[in-house]
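So, here's a batch of structures to check.
Heads up, the next two complexes both have subunit A, just with different partners, subunit B and then subunit C.
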Partner chain A sequence: MSYNAPLFLFVFLPLSWGVTRLIPRRGQWLSLLLFSWVYYLSFSPRMLLVLVFTICCTYLSGLILERLFKRADRLARQTADRQDRKAVKARVKRQARLVLAAAIVIILGELILFKYLSFFTTNLNLLLSLVSAPKSLPLLKLGEPLGISFFTLQSLSYLIDVFRRKYPAERHWGRLALWLSFFPQIMEGPICRYDQTAASLFAGHSLKLADLTSGGQRIIWGLFKKVVIADRLNPLVTAVFDHPQQQAGLTVLVGAFCYTMQLYADFSGSIDIVIGSARLFGIALPENFNRPFFSRSASEFWRRWHISLGAWLRDYVFYTISFSHRMKQWDKKHRGDWLYFFPLAIALAAVWLCNGLWHGAGWQYIFFGLYYYVLILGGNLLEPVYRQIFTGLGWSRQSRGWQVFQIARTFLLVILGELIFRSPSLGQAFGLIARGFSRFSLTTLQDGSLLKLGLDKADWIVVALGLVLLFSVESIQEAGLNFSLRLSQLPRAGRWALYLGLIFVIVIAGAYGRNYGVVPLIYAGF
Partner chain B sequence: MKRLIRHPIKHPTVLENPGLLPAVTLFSRPVQVMLKIGVFAGLLLALLLLLSWLLTPLQPGERWSVHPEQDFPIKAETPDSVDAVMLGDSLGYGDFVPALLWNQYGYTTYVCSQSAQPLEEAWAQLQATLEEQSPKLVMLETDQFYRSSTLASDISRALLFEAGQRLPIFRFHDQWKQLLGLKQTPALKALQQTQLKGYRFSKLTQGYNGTAYMNDSGTLKVQPVTAYYLNKIVSLCQERGINLLFISMPSPKNYSMKRHNGIALLAEHYSIPYLDLNLDAQQCGIDWAQDTRDKGDHLNYRGAQKATLAIGSYLSEHYQLPDRRGSDIAASWDETWAAYQQLCQDAENPDTGGDSSHIGVTEPAYLPASPELMAAQATTEN
Partner chain C sequence: MDEIITILTDVQPGEDYSHLEGLVDKRILDSLSIISLVSELEDHFDIDIAPVDIVPANFNSAAAIWQLVQKLQDDA
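Up next, the complex of A and B:
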């Protein structure tokens, strides 16, 4: 039951909304939790056990950490001597670190078991075959629980924050369970922090027209992106990436561009539906996109694309490494010399390895991470050089022309990255890149090849107009105009005409129904 | 006093003069919200009804008429001329050749199949078929019994189908392409398929490695939604006195013993005969190195010949289908046979490289003339 599926939009969401609204505010959390578990059950009843296990593990580990800290505080209060107090705190910190490490091992172990085991086993078997080992390891296919990449990261962030004493551990199991299972976000995120949404999820909300309007707007806009743009591009993307040997150079590049647009429209569209659905219940989820194609560098792109993943990796991987004791020492020792960048290089390497692996168990994903690692580290290292060049030439880095160039450059780099990302394997990724540039010919535009890839003339027109509308709206937002506010200031007739107009476009130009296959949400597969 | 502070009077002027009370304040706030939702939903429904009226393909010659044979191609056939229909997905239209059974036995069979056709679509195809035809046999290709893996996705698809039955815009929303002249009407491929009585010719060859695929165990039951529509199909066939036959076309990619057992259970439950060509694909002569177009998913024209002849042999043995050769409908079927033969010859001929673009595809007579269509030098994608 994807978020754009009729069953979700016209049955599950209205039913869960109606039932939750009928319940007094104090009990609404229970309704949301039960509907979240029913939603999860609709995918795989057995895998619900994995989610419940994660909730239990997170809840208990949090309580143990909290108890340790409270004991340390109590003992510290009872001890007059400062040295003793420090010793007590250090001892408890060690114990807490052990508890945290055990919890991380269990939760990450769960992720590895379900998501990466077959990848690691296949590669180990490959290594074993290289050394002519007589036996190979059996390949276990356990299946992947829905949203495991999302709820395990949420769980880890909660435990680390409790360990860092950012907030106390949750004593109410229901609040934690709902935060980890909330159905609109379980499949594709955003990866929320506990202090961002748990209270709002648990609180219960009265019926407000503003919530319904705002939620409805987001859902319609998300459906437009997903059904009109992303799903319509799917046949072309599948044709190009499933049959790379049959493609001309220009077709490969068009395929990479179309996949980039498909991925953006699919992921940001479903996040719009997610945020809109939560808003119907009065719950505000954090944004996960901020018009990424207006970014001027790769690092800015990742601050605007899948924001919650980037922020998670920044807070729990990058900062953990770069602010570690050893890295700080290194920083002091090498400040000013060329080795100064070492902590940054190590921390970024860890971030991009995790980013690549998070997206999937495959070498193409690891290479995708490496690609951005090189781009971002290179950008950091070359920054002083750029500055010198610009100063020397007397150019302004804030000029309009330079900004447009930076946006275009970032856009092309992102497309190249997505070409690697979408390829079925690393070998095919290299093959596609080589094909894209070696067999490039503009005759592909004239010989009708682009109309033989699953999109006819009408489909191209829909996609083009859809993208024009999408990026026009984003341009206006980028210029600082609050679209929702302007919309709310329109007379009701105007607003409703716009809503009905957009629904009309979705119904008429959407890629759904008997002539189209169902396209699963792309990020739900990660 | 506290109560008063918590709920300050919002409209003092209204309270002073009740005649000024706006109509909406007659209702509490949640009711106002629900009323607004209701009005918006009403407008939306009106819009959908209007679109349905505008874009539903009508009968030939009527305003907005847009080639209804694309939805139900069998409607292009002479009434009461088809004695057996095959309902299925791409394994139906790619693997079963009516022209062969015409030539071999004089049977008039027709394939009512679409890509990834689910059973509810088969149900719609059957209903449309029975409007003008009286087949004696309905063959159900069983790959469509396992269209999706979860109940939720099955229900979602069925919801969209049922919505399309009531608000046709959900079914015909793509018609604007043809209305605006942005798509050939109908596509050459669809025309060719109509000419070949629902069969889609393919000359591609991508061999399957030949690994045995019917050696697993267990039973894969069908989803309740599939069972629901199967029940409707069975009931309709019983009501009209039509024989039903389950057929599984040879396909290593789509079949397993688990699926066979699941289908066999259904067949037993409804007392419907079941012909599974996967159990001994070699018996009907399938050579997996040569006879599949996509590594064991579908058969190519060579494989389809073999599978169809095996089915023909089974039909001649178990059913009394009439030999219609020499009847007044024979001309159309002879044309089909000629077109099919031409395609096979082109596919075998290295000089043409299997190019079948010059196949004599003709527009069905009842369609309005569209000279630009016939002038199109489009090639088939097979």
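Up next, the complex of A and C:
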């Protein structure tokens, strides 16, 4: 029951909405929690235990941390001397760090057990075979609990924030359980922070027309991206990446472009459905995309694409490493010499290793992370050089021409990254890159081979028009126009004509039904 | 406040920090200079700057940094 499935859109969502609305505001959280668990049960009854275990572990660890800090505060209040106060706090912090470390080991252990165990076992067996070891480790296939990559990161963010004393630990088990289980976001994120959404999820909301119209708009727009663009591109992307040996160079590049568009339309479209669904209940979830293809650099791209993952890695991996005691000492010792950038290089390496691995247990994902690591570290290190060149030549870095060049360059780099990302293995990724640039011939455009990859002329026209509409809307938004506000200012007849027109386009041009396979949400697989 | 401006000038020379706004938003301070700045502030004012305090709003101007330092000194 994916978010784009008729069963979700026409049965589960309206039913959960109707029942929740019938309940007084104080009890709405319980309805949301029960429906979230029913949703989870519909995928895997057994794996619900993993989710409940994570909730319990997070809850108890948070309470232990809170109790330690309260004791430290009490002791500090009884101590007049500042240095003694600091010593008390430092002692309790050490104890709290142990509690946090134990909780992280358990929660990360879960993630490793269910998501990475077979990857690590396979690679370990490969190593053992290289040293001619007589035995190999058995491959355990435990199955992957729905949304484990998302709810484990949420759980870790909560515990680290409690440890950092950003907010006190939650005493109400149900409130924490709902925040970790909320059904519209459990499958694809966004990875929310506790102080972003927990209060709103728990509060209960009265019925507002604005929530219904705004939520409905987002769901329709998300469906358009998913069903009309992403799912229609799927046959071509599958054909290119499942049979890389048979493809001409230009076909590979077209395949990489189409996959980039498919991934964006699929992920951002399903996030629109997620945000729209939550809004129907009066709950505002954070945005996960901010028109990423208008980015001028790889680092800006990652601040605008899957925003919640980038922000998570920044706050809990990058900051933890780069502001650690050792790194600060290093910074002091080497400021001004060529080893100065080491803390940044180490922190970024950890961020991009985690980013790659988070997306999947495979070497192509690790290489994908490495690719962005090189781009972003290189960009940081070369920044002073760029600055000097531009100042020396008297050029403006804000000129329109330079900005357009930067956007185009970033777009091409992203497509190359997605080529690695979508490849079935690292070896095939290298093969596809080599093929894309060595067997390049424009005759592919004329000999009709692009029409033999699962997309006929009509499909190409639908996809092209869909992309033109998508990027026209984004260009208008990028120019600073509030699209939703303008839409709400239209006369009612015009507004409804637009809604119905878009629904009509989805019904007529959507890739669904007997001739199309069901395309699962791409990020739900990560 | 003058001490903050001196530290900022040491970490990232070439700017007049007395009235400059948007140090992070305009990327005048990059990742490397923020690491150095945090380290200098902690040493100079005997404070601990936690990752939760490392948000653009706390580093966008000398005045914002000074406010953060005062808050952390009061909390200690």
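Worth pointing out:
As a convention for this text, the second predicted complex is superposed on the first by the 518 of 526 C-alpha atoms of A that agree within 3 Å, B and C clash if a C-alpha of one lies under 4 Å from a C-alpha of the other, contacts with A are read in each partner's own complex, and residues count from 1 in each chain.
By our rule, a residue touches a chain if its C-beta (ideal position, glycine included) is under 8 Å from a C-beta of that chain, and two chains touch if they have at least 3 such contacts.
Fair warning: this is a prediction, and the values are worked out from it, not measured in the lab.
Look at subunit A after the overlay: subunit B and subunit C fit there side by side.
For the three-chain arrangement built by superposition, the Cα-centre angle with subunit A at its corner and subunit B and subunit C at its ends equals 170°, in steps of 10.
Contacts of A:E383 after superposition: subunit C is touched, whereas subunit B is not reached. Applying the stated contact rule after C-alpha superposition, one finds that A:Y319 touches subunit C and leaves subunit B untouched. By the touch criterion defined above, A:K328 lies against subunit C but remains apart from subunit B after alignment on the C-alpha atoms of chain A. Once chain A of one complex is fitted onto chain A of the other, the partner contacts of A:K86 are limited to subunit C, with no touch recorded for subunit B. Contacts of A:G27 after superposition: neither subunit B nor subunit C is touched.
Comparing subunit B with subunit C, more residues of subunit A are touched by B. Contacts of A:K166 after superposition on the shared chain: subunit C is touched, whereas subunit B is not. In the superposed model, A:P343 makes contact with subunit C only, not with subunit B.
Here subunit B and subunit C sit at a least CA-CA distance of 37 Å once the structures share a frame through chain A. Residue ranges on subunit A touching subunit B, taken from their complex, read 1-2, 5-8, 10-11, 42-43, 207-209, 212, 452, 456-458, 461, 496, 499-500, 503-504, 507-510, 512-515, 517-518. In the complex of the two chains, the subunit B residues touching subunit A come out as 29-30, 32-33, 36-37, 40, 43-44, 47-48, 51, 55, 114-116, 121, 148, 150-153, 155-157, 159-161, 163-164, 169-171, 173-174, 176-177, 180, 182-183, 381. Interface of subunit A with subunit C (complex): residues 82, 85-86, 161, 164-166, 315, 319-320, 322-323, 327-328, 331-332, 335, 340-341, 343-344, 380, 383. Interface residues of subunit C facing subunit A in the complex, by the touch rule stated above, are 30-32, 35-36, 38-39, 42-43, 49-52, 54, 76.
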